[in-house]
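Naming follows writing order (A, B, C, D, E, F, G and H), and every chain is counted from residue 1.
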Amino acid sequence: MDYVEIDCAKIDTGRLKRKGYSEVVYCECKTTEQLIEIFKTFKNNNQNALGTRASIEQFKALKKELPEIKYNSEARTLSLIQKPIAKTGEIAICCAGTGDIPIALEAKETAEFFGSNVKCYFDIGIAGIHRLIDKIEEIKCANVIIALAGMEGALPSVIAGMVDIPVIAVPTSIGYGSSFKGITALFAMLNSCAEGITVVNIDNGFGAGYSANQINCLIAKGKNR
Amino acid sequence: MDYVEIDCAKIDTGRLKRKGYSEVVYCECKTTEQLIEIFKTFKNNNQNALGTRASIEQFKALKKELPEIKYNSEARTLSLIQKPIAKTGEIAICCAGTGDIPIALEAKETAEFFGSNVKCYFDIGIAGIHRLIDKIEEIKCANVIIALAGMEGALPSVIAGMVDIPVIAVPTSIGYGSSFKGITALFAMLNSCAEGITVVNIDNGFGAGYSANQINCLIAKGKNR
Amino acid sequence: MDYVEIDCAKIDTGRLKRKGYSEVVYCECKTTEQLIEIFKTFKNNNQNALGTRASIEQFKALKKELPEIKYNSEARTLSLIQKPIAKTGEIAICCAGTGDIPIALEAKETAEFFGSNVKCYFDIGIAGIHRLIDKIEEIKCANVIIALAGMEGALPSVIAGMVDIPVIAVPTSIGYGSSFKGITALFAMLNSCAEGITVVNIDNGFGAGYSANQINCLIAKGKNR
Amino acid sequence: MDYVEIDCAKIDTGRLKRKGYSEVVYCECKTTEQLIEIFKTFKNNNQNALGTRASIEQFKALKKELPEIKYNSEARTLSLIQKPIAKTGEIAICCAGTGDIPIALEAKETAEFFGSNVKCYFDIGIAGIHRLIDKIEEIKCANVIIALAGMEGALPSVIAGMVDIPVIAVPTSIGYGSSFKGITALFAMLNSCAEGITVVNIDNGFGAGYSANQINCLIAKGKNR
Amino acid sequence: MDYVEIDCAKIDTGRLKRKGYSEVVYCECKTTEQLIEIFKTFKNNNQNALGTRASIEQFKALKKELPEIKYNSEARTLSLIQKPIAKTGEIAICCAGTGDIPIALEAKETAEFFGSNVKCYFDIGIAGIHRLIDKIEEIKCANVIIALAGMEGALPSVIAGMVDIPVIAVPTSIGYGSSFKGITALFAMLNSCAEGITVVNIDNGFGAGYSANQINCLIAKGKNR
Amino acid sequence: MDYVEIDCAKIDTGRLKRKGYSEVVYCECKTTEQLIEIFKTFKNNNQNALGTRASIEQFKALKKELPEIKYNSEARTLSLIQKPIAKTGEIAICCAGTGDIPIALEAKETAEFFGSNVKCYFDIGIAGIHRLIDKIEEIKCANVIIALAGMEGALPSVIAGMVDIPVIAVPTSIGYGSSFKGITALFAMLNSCAEGITVVNIDNGFGAGYSANQINCLIAKGKNR
Amino acid sequence: MDYVEIDCAKIDTGRLKRKGYSEVVYCECKTTEQLIEIFKTFKNNNQNALGTRASIEQFKALKKELPEIKYNSEARTLSLIQKPIAKTGEIAICCAGTGDIPIALEAKETAEFFGSNVKCYFDIGIAGIHRLIDKIEEIKCANVIIALAGMEGALPSVIAGMVDIPVIAVPTSIGYGSSFKGITALFAMLNSCAEGITVVNIDNGFGAGYSANQINCLIAKGKNR
Amino acid sequence: MDYVEIDCAKIDTGRLKRKGYSEVVYCECKTTEQLIEIFKTFKNNNQNALGTRASIEQFKALKKELPEIKYNSEARTLSLIQKPIAKTGEIAICCAGTGDIPIALEAKETAEFFGSNVKCYFDIGIAGIHRLIDKIEEIKCANVIIALAGMEGALPSVIAGMVDIPVIAVPTSIGYGSSFKGITALFAMLNSCAEGITVVNIDNGFGAGYSANQINCLIAKGKNR
């Protein structure tokens, strides 16, 4: 069978075969008991596992049961690595401001978990555009770019106007007042006058990392990898 | 008395003295009869008058009664000039795309009506940022900048990052889908990570021209003009 | 210089070199005079040109001046082909309902203009999921999928759960009441519980086609094409 | 008289006769004192009573006064059972993800309180649709389905495309960013392209359980029960 | 095979067997050519067919090809009846105001097409509640109620407080200003303090009729009909 | 019986006795046939009748059948006066701009129909506050004030700060961009920092006139009139 | 002078003369130091003073300085009564549910502070409409009604359909999900199909009490009180 | 180079030369470690530095490392002054209510940091307009006005109607219910019927102070300062 039934969930162990990638666990709305049960299932099936939006409390509880589990406290990711991960290609992650770094790191952890090389460029927002111009030739060498911004969300548009590779835009919830916790950035990115941008949900570093990895691996290894 | 009562309105003829500028007539929701009555009152009080959001039909009807009235069909402005207007200083109007031109011209007509020199820069949106960089030294010479953009509304932010003069941002209703007829651009401008931006209502070329003129004249002539 | 200045615009003729692809003309808010001037500039620079959201009236006026221009009345695209286009790889375009077809064709025209092979799958919405299941093996052969849906916008999520290639989701404005002209579909797609989805603006067939082509060509030809 | 007046409320003890079902107490905005007064009234009138959205603190305070009261801490329901409840028919409760379980249990508690048999299917969301397909024949045996989902809210649409019985859709507040605490799922469900779906408020497990029970009982026992 | 492929669509002729009911054609976004092709397919498969949101122009064009097709100009429904329809049970359709009648009739046409008896109660809105009280005993005899209202959308709540059968609430777009074309009524219905209400999309008479018929038939005939 | 059943409606002829005032007919969503039937019913029951939001076409059709019916083309009201109306007290209607006049006149027609004296003050918006200050002593003599404004909707707040009588605020749909067809004015009025303001729906001159008349008559005549 | 300048505020001591009523202090966003300064100013000017939205902490701090100050912990009001208040007329306050009581009490405290008699009717929401019908004759005896409801906000509409006196509707933030903290109730009340309703802001018991008192006193005492 | 790279940021030390003003640090989403690193960089580059939205905890941690840093606990600003600041011209800051004072002080701190004289006018909201009228002649002497208001946001409009200098409007989040944390005030200000207003984001005292200072300095010192 393609999944394992536990009390609270049906672990999609067949996803690795079906989609090429393991299931990822969204930890935010799960109890510690549920997480332990889920990660043990992955362990017993000898699969690598990644958890996102995990709290330090969840990590501590899991660590007691599964001492090999790792936690990135900025990215808030859990990882259970049972088989080594080979990395390929390159993804450039570009961040408008210091506040966007945690989401950038969630994207980085995700893309690396699934097999991509990642390079980060922090604090290159458009208020001082010379900082971006300085780095653009280096950024262009990647196969795909992840660009994060809160507030007015203009960074992905400015980058996309300068490169010929796909840009995945991640609106972040950084800002106040009419930034509406990232909605303004989200809509700005969806309405970019520059071509070559696609968008994921607010603060969805995971989704951006997942899709960027998919694209990067297909470019690096070709379709029939 | 400071105003003239007519049937449908109280013409604020005292505004010239009180605020330094005549009242401007918002034509959109007025009948032709009302507009004729209003413009005749300005004529009889020997004041210059500006009308905004006027249709070609309104202009044609007014012209029969007041042959000296002028119409700018792109800007949709009416002007009744009875006393010559001296111009001072300089305002730079910057437009992201071709579709923003009508609103840019409404701003230009307004600022010139109240006594500013205006210079326009069209189609310098961020999808090809080299076009903006080419012009920025010239733009910086103005006393104040009006920057218009629809869609993601990033142009004012990028400009403000490069200059040290005030930028008045005008969101336009150009775009579709989640541009929400200019709301996305409006919110993006209000949340700019670059300093030195203030914002007016969507498609409010008039308001931008009015405020830019106020600032330009105060800079060019000083406070006690 | 990298662009050509005409009255209303600065044609970004350098984009082909800079971004690998020509500029595309968004026709909706432009006058016929502006469009003629723009397309003539592309012709004089011997570049292929694509126009989106063009009306039949705009086409007829352009055709008088540029008889070689072509119009796809369903997709509402104009194309001026001066150099033959070689096609590579494959993009699968999947449409939930009959009403989504015009946007699907805009995506198809765009992707083909930039050099991709495209295959379309119409009316495979989730109300009769066996229709999708029948086609999924064939769809999976593409390098990238464009999935369009209005109303509840579930098709991209269901497809992404079944494949291991990137899915670009296009919300369409098909629906009524609380579909809010595509906003419900847009948000549904951004919140997909399936991984591997990125999203473009409502009815943005062009943007989906552009990004899908970028990804497809990079996969088919590798990074240093 | 059909109701009992207490200080803060008018207990609708006649509802059992008038509507066939007792009043249910929404505990969230009530003080402990008010709840004690209300539940005592039900006890004194020898009626079964159900409370929803009750906190553990409210339960503890009530238990001191009414030791026979029961609490389901996941579903957050209180129940005071004074007369045994006979159960009939069958309702299938289907849950997209682990995070939806508390609301599913509120629906279950409600439907059972009013006399329905209930069967639960957890974690059968569309990201791994084979898990749903595996269970669908069993689900179809029920008289009515309750389908819960957060995020993109697609599960009820996919289920409704496969069955010929009524589906009551419950959007949950699971998700982040543009899920808007369940609003995206709510609108997606209201716009389903599949027929046979009606919708209740976000996280309204109670309402879904109540309506599902009404329908189930009418089917199982006929109209003139 | 369970569906018939035509150019623009895949006609789900297997739905009758799979879901117990034929596919219904949403006409609004379809061309006349598409509709003719679709209805001919139903005719050739000897299935009854219903079209909703059809214009008089669409009907006239269809009638030339399929003279037996019928049109209800108030309900805007097309029907192609090739096999007689037996009716069972009873649905009560209750309408707050005169303006809600077209949507009520869409619900009626749908429910009758699928085999329910329907009785209509017009103009019994809450501004004159004695009109509703006069009819409530008669309304209660039905198996299920459809209640429509625009503006403040209170009618379904008031009815549900008086009966012990399911109420399907249909918000209509009747109103102005902050009625937001039915959104206010939609949200009011979702938040009803009365139990036993489920809701469909704004102006979705079809969806209400479909679900009400499902419930009515299950009550009248039992599950294993 | 308290109402008269006609085909499309139940005319609430008992409302005069029950509520002290006749029913008023909202014409916008009614067919001409329905209006004729309704107004004839009022005529046959010898009641005065008022119609709001009536088009000139509706009036012309009605006039053929009921020659005594009157139409106010600015206010868009129909009136059928069969019994003379005595007027009492005084209502002051204050309008911010010329564009608000039609809604002001709907309020005036309504209040006069039900028995109030009305005095109008046009174009006293806050951009030239001296015009309002000039009139405030006269305005204060009324029993109740109706204050209308579009755009930023500040007039009712400024007036309420100056008087000690009730102010009914009417937001109008005058404005553009982020005025959102009156929503900005509506919310501004609901959030007034001045006390003594209550609010009606956008453009609801009728509602304001009705409530103002109720209050005015109770003040002028006392409770047991 | 008509006001007293203190550090943080200009106390409008002239309001009593100008508007007939003292200024009321909105405590929520003020520091304890500011409140003490403000209330002392009222005390020194020998005026009665009312504070709304006061916390228990604010009260305790004030009580140390002004021992005569009173606090109503349910209504969250502070009152400093230095001159006795004579009461007149009658206001009926009607509450849909138990959760609305705190706001109802804020309205009651306000109306009584300014000189009205008040009578309260709790828990008469429309889910059990017989409870309202039982009380309606008594309610009708008041000069004005305040009707509060959260959730679907239908109570004011149902009441207004039954009476011929003004109804001031107060939406409350009771509810969850798509109640949007009172916005659904607010819009429902603004769109009531029953006449004679005006509306105040969400949870604005103070505003309703103030306006109701104004109307009640004018009815009870006449205009030239 | 024009910026200094540290771990988490690229400090734009060239901004002083490029834009005439130092970079300002938005502290809200930064860790204490990041802030220390950033302020030390400014110190080492001998630049003045301003931090906004700083918490008392952040200040205490910074003070240990940089004892010369100052904190304004009402305005929540940090300042590191290494070179004395000369002040010029005058800005008038006008505040509707006591709750707006913290944002007014953020504007004041910012404008003074960059070299403007500032004068504050508190609690001159429109509910008692005589307080504003008393001060208007003094306010008019400034070069530019910052006007803050929450709730209905009318103060900037009323002021702009009385003066002939630029007004920068700052909506604040003071209010409740449909004030939507400042959105109502924001939209009201954007839709002002008075000319000469531009707007910044909700609670953006910093942005208003920055832009007002720019304008004030240009007026006081002329363009080529």
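The working rule: contacts are C-beta pairs under 8 Å (C-beta built on N, C-alpha and C of every residue); 3 or more make two chains touch, one makes a residue touch a chain.
Predicted model, so just to flag it, every value in this text is computed and none were measured.
Shared contact partners of chain B and chain H, listed by label, are A, F.
Both copies, chain F and chain G, contribute mostly matching positions to the interface they share, with over half of the numbers common to the two. Residue-numbered contact pairs of C-E overlap by over half with those of E-F, the repeat interface among E-F, F-G or B-H.
Put simply, the C-alpha centre of chain E and that of chain H have 57 angstrom between them.
With centres set at the average Cα position, the gap from chain A to chain C is 26 Å. Note: centroid distance chain G to chain H, computed from Cα atoms, is 36 Å.
Touching of two or more other chains is recorded for residues 97, 127-128, 161-162, 177-179, 183, 186, 190-191, 195, 201, 204 of chain D.
Under the contact rule defined at the top, the touching pairs of chains are A-B, A-C, A-D, A-H, B-C, B-F, B-H, C-D, C-E, D-E, D-G, E-F, E-G, F-G, F-H, G-H. Residue ranges of chain C in contact with chain E, taken from their complex: 97-99, 101, 122-124, 127-128, 130-131, 174, 176-179.
Contacts from chain F toward chain H in the complex involve residues 96-97, 125-129, 151-154, 157-158, 160-162, 175, 177-180, 183-185, 187-195.
Across the complex, chain E meets chain D through its residues 18-21, 24, 143, 161-166, 168, 186, 190-191, 195-201, 204, 207-208, 210-211, 214-215, 218-219, 222-223. By the touch criterion given at the top, residues 2-3, 8-10, 12, 14-15, 23, 26, 28-30, 34, 53, 171, 173, 181-183, 186, 201-204 of chain G touch chain H in their complex.
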